[in-house]
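See the structures that follow.
Two complexes follow with subunit A in common, the first pairing it with subunit B and the second with subunit C.
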Partner chain A sequence: MSYSKEKVESILNNGISRRSFLKGLAASGVLSSLPGGILQANEDLNTKIPYLGQKNYQTFRNACPRNCYDTCSIKTYVKDGVMQFIEGATESTYTRGGCCVKGNSYVKRVYSARRLKFPMMQVGGKGSGNWKRVSWDYAMETIAKKLLEMKKEDGTLLGAALTKYSGNFGITHYGVEGMFNSIGYTTRLAGTPCWPAGIDAQNLDMGDMWCNDPEEMKDSKFIILWGVNPASNSVHSMKYIYEAKSKGAKVVVIDPVFTEAASKASQYIQIKTGTDGLLALGMAKIIIDANLHDQKWLDANSKGYKEYKAYLDKEIKLDNVSKITGIPLAMIKELALSFVKAKPATIWMGYGMQRHTNGGSMIRAIDALVAVSGNIGKYAGGARYGHLSTWGFNYAALSQTKPEGSVGYTGPEGAKGEFAQVGGEKAAYTDRFLNINKTARELLNAKEPKVRLLWVACKNVFSQDFDRNQLIRAFQQLDLVVVADQFFNETVKWADIVLPVATQFEEYDVNVSYWHYWLSLNEQAIKPLFEVKSDVEIAALLSKHMNKLEAGSCTFPQSVDTKAMTIKEFNPGIYEQFGIKSWEELKNGSVKAKAVIPYADGKFKTPSGKFEFYSDKALELFGSALPTYLEVRKPYDKFRMTSPHSRWSLHSQFQNLEWMEDMHPEPYVYINPDDAEAKMVKEGDTVAVFNKQGLLRVKAKVTDNVQAGTVLMYEQWYNNNIYNVNELVDDTSSDMGAFKTGAPGVALHDTFVNFRKL
Partner chain B sequence: MQKAFLVDGSICLGCNTCAMACKNQYHQDDGILWRKVREIGAEDYLMDNNNILPTLTSYQKAPKVKMPMERFYFSLACNHCENPACVAICPVGAHTKDPETGICKHDQTICIGCGGCVKACPFGASKFNTKMGQAEKCSMCWERQADGKTTACVQSCPVHAITIIDLHDPKYKEYANASPIGIDYAINAETHPSTRFILPHMPKEVYRQAKG
Partner chain C sequence: MQTFQPQTTSRLDDIKHLRDIFNAQNSKELKVAFDALNPSFTISEEDLEVQFNRYFVGPMETVADPFASVYLDNPDVFMSKSTLHVRDLYETMGFSYSLKNVIPEDHLGVELDAYYQLLFLEEAKEITYLSDLRHYFLHEHLALWIPRFLERGLAQSEKDAPAITFILQQLKSLLIRETTTTRSS
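What follows is the complex of A and B.
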């Protein structure tokens, strides 16, 4: 089946009415029992069309805005207004003509019968499944009325809360925050579940989170992939790792899991989960004891090296390091010495490692190891974690003024999240910030005023947040839950109003990565399908309805064009950084920022201006100035459960698509053979995995890719499958995160479970 | 000339990009894949859980090599055999072998949906589309190749684990008769399938935690 113009038109025009029973329902406004029914597009049969030759397509520039290292530059092929296929843009040496398995499913994402198509209201109450199709005007008027009513009754709009995160990192999507900025002072679920402990750690050490260009890894002589699995989650980075390897570099993977990347490395070292920081401290001690550390660089560029060395001398016993990490001492010594002798050498730290109660301290310990080895500020070196150095947009969609007379929060101010660091003017009031990583309890506990309205955008709360039972309670006590999304996901089930959102192919936008250094324009390639609208168009519509009911109640523009909105995000700084004169040059393909080696000038944005082994800020915030060993969370059940990212999805996106199901139809729990034998579980058995939080039924795969005492289940959201790994995860915080992103991270991988055969 | 896919298992990530790139280009119906990434598992790796390749077992000569689950892969579409069974069996000439490129093409405008090719292909390359009542399979993107582009799978692979070679080019002689692990069934098959493989291997040093 391919998507021809006729087919798409028939879906658009007749998708509902051609089925008489649905026609009746739609005409009379009677409820459909299942949203799936009203959403079902007609999947007509159509013979395949072959590739028709370059000249027969219109091409557009797009970019993948999902939360991924690779942020691919896309070239979209359109015929008669219908997307035919996409390719990775060849202009980007990073994307190099290919997308990943997820990106290649975009045509299905756009034309999937499962897409949300119209605004709908759940009139039988949250979770009832009684949905009614409504007009955009009706939906937005309902929301506007509610907001104004709340403002009148509470004297403030702090009862309106926004939770938005990484479903779409396109810059204009900060217009969602802009929409909330433009109605007054509101409540925000702040922080990030992704990488906060590591961001804090790197900021304490270096005053920034700023990594070398990943393309440089091709020239590294020694690469440690530490708790990161690019073979699944950053496939385009693998070519640089392979290139380095083919030129003689050693590639070592340190991970509790024998990952896909580990299977392609020179050496794999399995470490006991949560002991990585200690290994790094041990390696640093070995390097210093062998007098192979870079004393010259340390003297010139670091603060507190003496205290750090004293700590290593006094507290770090190598026999203990070996015992606790489970790695033979000889292997640790060989690793440390070969790492320090290879120049340049680099370490890439994954975001899983910091999802522990000692996560931030582990990243600090590894930063310190790289510093000791003299690889910070060097080409093809660096302590790699991520960067936001190419994110200097105007955030025009975000920066809105408050309506006159807005009343807000007078408590202590929190940070606003790591991506959009442009603040409004300093005022007597602020927004109220709740911890996004404890969404359920924060929504339940917020008082004066209590949260009454929740807007969810770019986020699947029920798949991504923790403690499902509490979440249901929290959602049910809200007067109005609005979810703007592309698919009927778990969060939509608990919404009152659902608004269908455009894909990136239906709007203009601009994208950069937190890993590589490319900038991509996202053009509107096709007209929006059905009644979908972009997030900023929704904001404009809300503004129109609020102002109609009460003039001046919302400052967001009342009509927007995503192209104009995108153009407003550019500034001379961006042009200078990327070496272009106008945004229009991006129509010819992505461009890369001018090469800069982070910290090559020895300038760090720390209070001392140096790399800080000893950080006063760390002492003040976390009680330890030095990167020290901190024990990981104590088990509260029989087996540790880790829930890393899968290659099939980006958090809860993509796995739900029909095409993805052809390759990966169901979830599994991966169990070590020893544990499986003890529990009499065989490959393919259905097991119950359970703990104090909840229970999941899932099929077993038996493999020593995971170590004994550990089970692994990927974080994913399936269509029509109740699997959700976060049902087992509590909201225990990691050690760091509150410094830069407003809230600590979550110790996701410090989850403990038991299991048995069903 | 005999165009052939060369699949490098030593660098293949098993990411399935190639298979999805094919869907992206041709919009195969839900449930149908022209290209499939298969796991090279332990001793039973010829066993295909999805039963896509039932006939493979008859060629089974798999060595008993223990390798970890979901870590080593090979990607397979149509083999564009030198002596294709689909061409031989098709009663209406919907399957043809291009004399210039060696690509086995299937013409859906002619196909009567008898299913002969689906039964005849030893590799399960021909799929039966029940909605259309017709067969379909990998075309080695001959239309794209004619337009100066490479195949969707080759273009999309993030690490260039799939390339297209000419089996008759002396440059690729070493691959022409290669007999990789468990895949030797293919080369010895009467159809003379053209896909060639470079073997995967474990990292030189693998350290795992002691039990318990």
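What follows is the complex of A and C.
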């Protein structure tokens, strides 16, 4: 071939050559001769001049909407409509210009070849793998017809169920619940698999779950990281911990596992799993016995201290505390006394500790310890767990009225979830609530009417929920399973219809954290790829099709744009709290809520208005008014299995990306050397880990990061790997959670297994 | 297994039919384009689409992604360097693209469309103004990634999907023919 590569590249890369070439193209009449296809003749030839080195980016404000403490403020760099890179926004002192390992992969995530691209139907039955492309109109008409048919046959829409959780915490994504609100009374998988036991515990003690600003930790004199691993899972919090440490603060990690955070601490205390509550009670007793407790604060601000002290005096024996927790008594005493002498001191309780059958009671015991030490309501102090105090949005997308004449559930009412609970007068009917932590059996057992349609959004059921075999049965018995997602996963595998969902870079939204105090706008930075739509656009399209088939059957707006929907979420309260006059100010960067020290005024939202050591509500609901020691679940197999988050993923999210697969390609079971030796397992051996629930085959890593008697397997799904640790987890509940979130949590870390070399 | 022979149709028609197969948005469009390429091959509309989606569309991980960047830049990502290079080429060729930033320019269907239109200028309209660009596009881009795409697709389709094998073989024949055809001027 006698073409000239150099000549063409010169035209492509040189602005002047290209201009003259294009002039010739226009003059020659070529354009009018093109036959036309997906590409059209560019009649005006207003072609961009090639990139010649200028950093001509457009920038946009974004926010990470994942279920993570850090909720990073992001600055997105776009050129010619294509995301080039992102960085943490510098305006947020919390994010401070950096993202975590997952956030830094966002460009790869958005442009992943694995993205779901089009609405599709599985034509060979669930799990067949036979998929057909359908138009959005066809998909939504099919769903709308099914809903109206069910309504006609059942007299209600309680046969339509929604399961949605934390795949996207953007505020407009509550439009998914809004969509279900707008069609009538329906069935909801309610509760949370994550943190409910602790939410209940803090609400019993303080009437709220409300924590100090994490940025204050830089001024704490003593920090206990209790069952939390921020070095992996809240990396931006670490700089405050490092700063405190550099100023002389002591940082202690208490955890059954030697975590990344433990490796950065002043001291690591390896506690026997599930005995944390007893350690907290023992520490409180030591503090009180040494007369170092804050009697003045307790007198003014607490209820039931006397009963609590009496309980400690009578029931808590320090020798037993040492024996049961596995920590030398001298170490416990030193820890308790140095903690109480440091002012201010704080404890950060992670979501790992409360995932036990005694999880709520352990959080109550630690709250009590912080109260006794006089660190509640103090700058750089506090019993930190999480907060929703900056979540006061309008929930406009969520708040839809029911169609006239809607008929619903008349059984006992449950709470609706930890986010965005809306009040109002008691209606004649309610939605029907099923326990999200027992999804499989609840779907199978629901009667009158049975569940016939399931909508899955912001959630990978097969990765997060329990009892996979029962889940398959539950999905197969459903007439229609609709999954809205960004990637193919095992839940999509068992769907009838899959709807491709936009990433946060393809829609407008607004985000806040359940940990820090920053508010971030999420601007649409790029066009939605292929045929993806945002959750609220999907809701609007469903509304359009339902109303076309039956006028008045859905009250959700029939067309929305995500920017208009986002603007509707703001209100004067938000503006006041964050010190801005308009949402548009967020285009300049995220803003922080005005500083407030939780409970500094001594006012608690408990029935007594005080910190409640003694809670009548706790007595009524859980049989114990005081934060007492509750033994952890008895073993039903030889080894305890704990399943924490890894730093490379948020459950199944991000783990499918090449960067993560490079670093963390396959699952392992982490085994203590003593246990490995007893079972003749060596590093790299393939072992079967099994229990009454199931069996997984994984490679072994032998490490004393985990204690003898315990094995560790990270939660999540790995791409092209059948591994899912939840296949070994039963759905046994933690002690608390039903009070505030509608259902108790799951005692994930009270799973027991055995293993053998294969 | 069904046997078939590559069809002997015109150079332009072959490209057009293959383009229409990869740009089809539903089973009907796909079947019309497939039948135009080989009217004697028996397969139902639904079976053809199910197989086609398994290989090239999803939602499951596809056998062979039809994006150049996946073969030239990074196996997991599109809208990367090669996509933007092709974007520049199209603009220099005088094309505008209404799906810019929606469907990447290096999708096989879009690239076949560009190639078809350029060849149409030369063959049907006898305009050679863009022939250097067409040859550059063919030799410096299409010929670099389509063989890898074919290799991946054929390795699987020859085991389980004769209709897909037929499509890929036609594409292979086309690529061989185009890369070995002497330019007209």
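Keep this in mind: the second predicted complex is superposed on the first by the 700 of 758 C-alpha atoms of A that agree within 3 Å, B and C clash if a C-alpha of one lies under 4 Å from a C-alpha of the other, contacts with A are read in each partner's own complex, and residues count from 1 in each chain.
Assume a contact is a pair of C-beta atoms (placed from the backbone, for glycine too) under 8 Å apart; a residue touches a chain by one contact, two chains touch by 3 or more.
Predicted model, so just to flag it, every value in this text is computed and none were measured.
Undergrad: Return first, second, both or neither, reflecting whether A:K108 touches subunit B, subunit C, both chains, or no partner chain.
TA: both
Undergrad: For A:Y3, select first, second, both or neither according to whether it touches subunit B, subunit C, the two together, or no partner.
TA: A:Y3: touches subunit B and subunit C.
Undergrad: With both complexes overlaid on chain A, does A:K272 touch subunit B (first), subunit C (second), both or neither?
TA: After superposition on chain A, A:K272 lies in contact with subunit B alone.
Undergrad: Give one of first, second, both or neither to describe whether A:E658 is in contact with subunit B, with subunit C, with both, or with none.
TA: It touches subunit B and subunit C both.
Undergrad: Name the contact category of A:G326: first (subunit B only), second (subunit C only), both, or neither.
TA: After superposing on A, A:G326 lies in contact with subunit B but is clear of subunit C.
Undergrad: According to the stated criteria, A:K117 is in contact with first (subunit B), second (subunit C), both, or neither; which is it?
TA: In the superposition, A:K117 touches subunit C alone.
Undergrad: Would you check which partner chain A:G97 touches, where first means subunit B only, second means subunit C only, and both and neither mean what they say?
TA: In the superposition, A:G97 contacts subunit B only.
Undergrad: By the touch definition at the top of the document, which applies to A:S559: first (subunit B), second (subunit C), both, or neither?
TA: The answer is neither, since A:S559 touches no partner chain.
Undergrad: May I ask you to decide whether A:N291 touches subunit B, subunit C, both, or neither, giving the answer as first, second, both or neither?
TA: neither
Undergrad: For subunit A, which residues belong to both interfaces, subunit B and subunit C?
TA: Subunit A residues touching both partners: 1-3, 45, 47-48, 50, 108, 658.
Undergrad: How about subunit B: which of its residues touch subunit A in the complex?
TA: Those residues of subunit B that touch subunit A are 10-11, 13-17, 19-21, 23-33, 37, 68-72, 108-109, 131-132, 136, 139, 141, 143-144, 147-149, 152, 155-160, 200, 202-212.
Undergrad: So in the complex, which bits of subunit C are touching subunit A?
TA: Counting only subunit C, the residues touching subunit A are 19, 23, 25-27, 46, 49-50, 53-54, 57-62, 65, 67, 70, 74-80, 83-84, 87-103, 109-110, 113-114, 116-117, 120-121, 124-125, 127, 129-133, 135-136, 139-140, 179, 182-183.
Undergrad: Help me check something: in the complex, which residues belonging to subunit A touch subunit B?
TA: 1-3, 45, 47-48, 50-54, 85-88, 96-102, 104-108, 231-232, 235-236, 238-239, 242, 253, 258, 260, 262-272, 326-328, 331, 647-648, 658-664, 674, 701-705, 707-709
Undergrad: Mind listing the subunit A positions that touch subunit C in their complex?
TA: 1-5, 7-9, 11-12, 18, 21-22, 24-26, 28-31, 33-43, 45, 47-48, 50, 80-83, 108, 111-114, 116-118, 120, 123-124, 129-135, 488, 492-493, 498, 526-530, 657-658, 720
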